[in-house]
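Presented sequentially are two complexes of chain A, the first with chain B as partner and the second with chain C.
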Partner chain A sequence: MSHIAPPAHWRRAKERYRLLGSKCENCGSTFFPPTKVCPKCRRKGRIVQTEFSGKGKIYSYTIIHSAPKMFEKYTPYILALVELEEGPKVMSQIVDCKPEEVKIGMAVEVCFRKLFEQDGEGIISYGFKFRPADNSWKSLQ
Partner chain B sequence: MSVGIVGYGAYIPKYRIRVEDIARVWGHDAGSIKSGLGVLEKSVPSLDEDTATLAVEAARNALKRAKDVKPSEIGAVYVGSESHPYAVKPTAATVAEALGIVPDTTAADLEFACKAATAGIQACMGLVKGGYIKYGMSIGADTAQSAPGDALEYTASAGAAAYIIGSENLVAEIEGTFSYTQDVPDFWRREGAPYPRHGGRFTGEPAYFEHVVKASKGLMERLGTNVSDYNYVVFHMPNGKFPLRAAKILGFTIEQVRIGLVVEKIGNTYSGSSLLGLAAVLDVAKSGERILLTSYGSGAGSDSFSIIVRDLIEERRNLAPSVKYYVERKEYIDYALYARSKCLYRG
Partner chain C sequence: MHCMREASVYTEVDMMYKKRDVAIISAAATKCGEQWDKGLKDLAWEAGVKAVEEAGISGKDIEYLVVGNMSGGMFVGQEHIGALVADFLGLNPIPSLRVEGACASGGIAFFQGYMAVASGLYDIVAVGGVEKMTDVEQEHATTALSGAMDFEWEAYFGATFPGIYALMARRYMYEYGLKKETLAKVAVKNHYHGSMNSLAHFMNRISLEEALSAPMVAEPLGKYDCCPISDGAALVILAPLEIARKYTDTPIIVKSSVMASDTLSLLKRRDICTLDATVNAAEKAFRLAHIERSQVNLIEVHDCFTIAEVLAIEDLGFAKKGEGWKVCDEGQTYVGGNLPVNTDGGLKASGHPVGATGVKQIVEIVKQLRGEVERGRQVNNAEIGLAHNVGGSGATAVVTILARR
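Moving on to the complex of A and B:
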């Protein structure tokens, strides 16, 4: 994938920037990416937008050594399924973490990073990634 | 009506390179560079970090501290930087979108070397005081560029600081501001050029010292204050020596400068520099204490602010990570990894 059309980038920007998903007010299920219909409640479902807290844990991961062209400069990198505390699982790179340090079950928190850029002249896509959760700042203060 | 700081936030990338590792590549004497500049190591952004991502992280921390402020109540977002990711497409709009401040807001990128974000704070003060907006946000963020082997390579680093300005629930009141600006060719980068150029020693007397000293003096004269009225003083930190000399010229003691001098272990974060110094002071200052902040941007100008800390600081400062946390959160990389993360190679 070497070219992202501006509309394709723009359509997903809000959910990627703010980790915006959806929630069914009828059954309480949460979804990412956002859905328009609740698969459980069907026509009884009441879908609303929701912003996730950005806290979660690593459900599973893999280390990518051979990447698609637009991610080649990041190799080797950690690609994980992160289970958000609200329930949904999202796929994301894990940053500020060495491949040998990542573990299933590890607590992570959202951060804002560049996802990819087409070339020196194209659009830069930004969005969420996750880094190891670090609450040590609370005891420093 | 009082106007001042409602929330502040800092962010510094995790990676560091030591002066020794840069000096070894170019055959320079690390010892004389460290003692000459007063800098031991500098922050380095990850490959996926740029001015926009740094600005968002700092802005999120500022919003955590300004807990009464809803993003939709912020009527202006300014990002001051000399390393905006796009030549045309505002960083400020990306930041506003990522924080949920959009769409009922104004936003703009500002550029005045290392002082653009303090100019942004002044703009927010005016809009708040004029009743046009309830809150405004100004962020200084940079991933500073330096030519390989240039003296700047030892200090040009990455970091960000964000300030929410308003008139209610202040953690600190801004009691006055004064600026001093002239056309001085001390440091510049032409359109399309990858690295800035500078006038070497010329960046001192007619540039940094002239503006920092005159702006600080001008502010104190207008407010009728003097150096002994301030508990803390923060100047722009292109290195560890210039702010100490400016302090000495103005008659401040080392003790007044010490807390805000955050350059030794992170380098010069450009637009983030003086504002990270102010954040480090707000992390520890007590209610009623007074701070003098003077930024400096090459080209050249300084914005000076007199700030009085309020009671609310005590409960708000612990809502987000301190500058000290970010300074101490680090992992060292060598010059090869640094060259990779700064894309110093052609490919």
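Moving on to the complex of A and C:
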């Protein structure tokens, strides 16, 4: 990834820190990433911001062995598509879990972590990751 | 208007503006691979000259140039590729256009060129694709490629391109019982075809054991499940069918060329085991071409990763959902099988110069239909072929059906 300017982190920070998505008040659909238009209701839709519970299940996963420099020190890391209990899916790393223990259908919960650091003057980026919801992560502490 | 227009309306619009049939009068590609002695312009020049000579036309006859190129800016610090290639091929002052749709840039260029001739606006149109990828370090090249996914919500969270396809592969395995061995068989088959293609990036054959024991990139995908980073270019020349025989005895008819779009990010897909863009483009391409799947003699599919070949076979309609892997597992995808797939070695072995790939696939189909490829990988009496080009993880798909008559 090339150098990312501070405003590019800042403008998405709230959504990445608190797992904010959007919701259409007309049909009740929820969206992640946040959207500005409801594809079902279109002009009739009323989009508002919504905070997800942070609970979900692993829909699919991979163990990344070859990663860009900024993620290299975390390899091998688990990247997953997490299906939130509200419906939408998010792409996130799974932490506090050994690569051999991750599986499809596993219950996970959101946590707040450092995502990466950039070389030199780049700011440190934070956001959501997920961890096993059964508290097994506590034994790893 | 709140609802989306019905697909049939689009079809009628397409037919209304299609004034005439289009044919490919020449097709050429460079060798793919690490070509340190050639820059972007050299590659475009080589493919362009080969195609122009083959058609026996003069550069002056070409009225319009479309070039597919994904990321000249990030790979070689060069934008403005349309004008650059037109200038270098000596085509000024004709209009020149560079199109970008990630790894589908070449396919989109073809779709644009096809429309220009089919609509009656231009007669002789050159469609090229070019990418020079090896002048930068791998880290830089993968950064450029990761621009094809959603930067803010995928790459930012540690997603890599192999990682995105690995997520599809893992879910597909879970849903349909695919085994890693079958993916390895896809790579073995593509290397086998590639070993007979003198323009391929890799001409070495690999064994199932080698494929299975290769280092992991993004589990379950290992090194041999991933296509390489290649330099390369391809160019085809289009003409209205009614005058095509002036230039060649074997014009190849474009039965249809269709493009479709889907969500950029994988996380928003209806189903991550299906590329809806491919399904939609294929369905319409077959409808417009008035051709059945059973009539198709060979297909070139976008196997950027082995799992993508399995998905493509299903999404193009050659196998039911969840059964595409069986076609690969049984070896039906070899030349000589029921459904020869990627007879040039595919992206895996013949290489993936991203912006050129969509055009390179069409060159392969043209050569196959003319019976001009190396013995051993020539499909006997091939009449109809299909090319399938994908951008990103499936946000863009272009399906083109070609026929000898």
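By our rule, the second predicted complex is superposed on the first by the 131 of 141 C-alpha atoms of A that agree within 3 Å, B and C clash if a C-alpha of one lies under 4 Å from a C-alpha of the other, contacts with A are read in each partner's own complex, and residues count from 1 in each chain.
Please note the rule applied: a residue touches a chain if its C-beta (ideal position, glycine included) is under 8 Å from a C-beta of that chain, and two chains touch if they have at least 3 such contacts.
Owing to the predicted nature of the structure, the values given are computational and were not obtained by experimental measurement.
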Partner chain in contact with A:Arg113 - chain B first, chain C second, else both or neither: first
Contacts of A:Met91 with chain B and chain C, given as first, second, both or neither: second
Touched partner set for A:Thr62, first chain B, second chain C, both or neither: second
Winner by number of chain A residues touched, once chain B and chain C are compared: C
Which superposed partner A:Pro33 touches (first chain B, second chain C, both, neither): second
First, second, both or neither for A:Arg12, with chain B first and chain C second: second
First (chain B), second (chain C), both or neither touched by A:Leu79: second
First (chain B), second (chain C), both or neither touched by A:Ile104: second
Partner chain(s) touched by A:Lys44 [first = chain B, second = chain C, both, neither]: second
Overlap of the chain B and chain C footprints on chain A, listed as residue numbers: 74, 93, 115
Chain A residues within the chain C interface of the complex: 1-2, 12, 32-33, 41-44, 59-69, 71, 74, 76-77, 79-81, 88-93, 99, 104, 115-116, 125, 127
For the chain B and chain A complex, residues of the former touching the latter: 14, 46-50, 52-53, 56-57, 60, 85-86, 94, 97-100, 283, 317-318, 321-322, 324-325, 328-329, 340
Of chain C, residues touching chain A in the complex: 2, 139, 142-143, 146, 150, 152-160, 162-163, 166-171, 174, 215-221, 265-268, 272
In the complex, chain A residues that touch chain B: 13-14, 17-18, 51, 73-74, 93, 95-96, 111-115, 124, 126, 129, 134, 136-138, 140-141
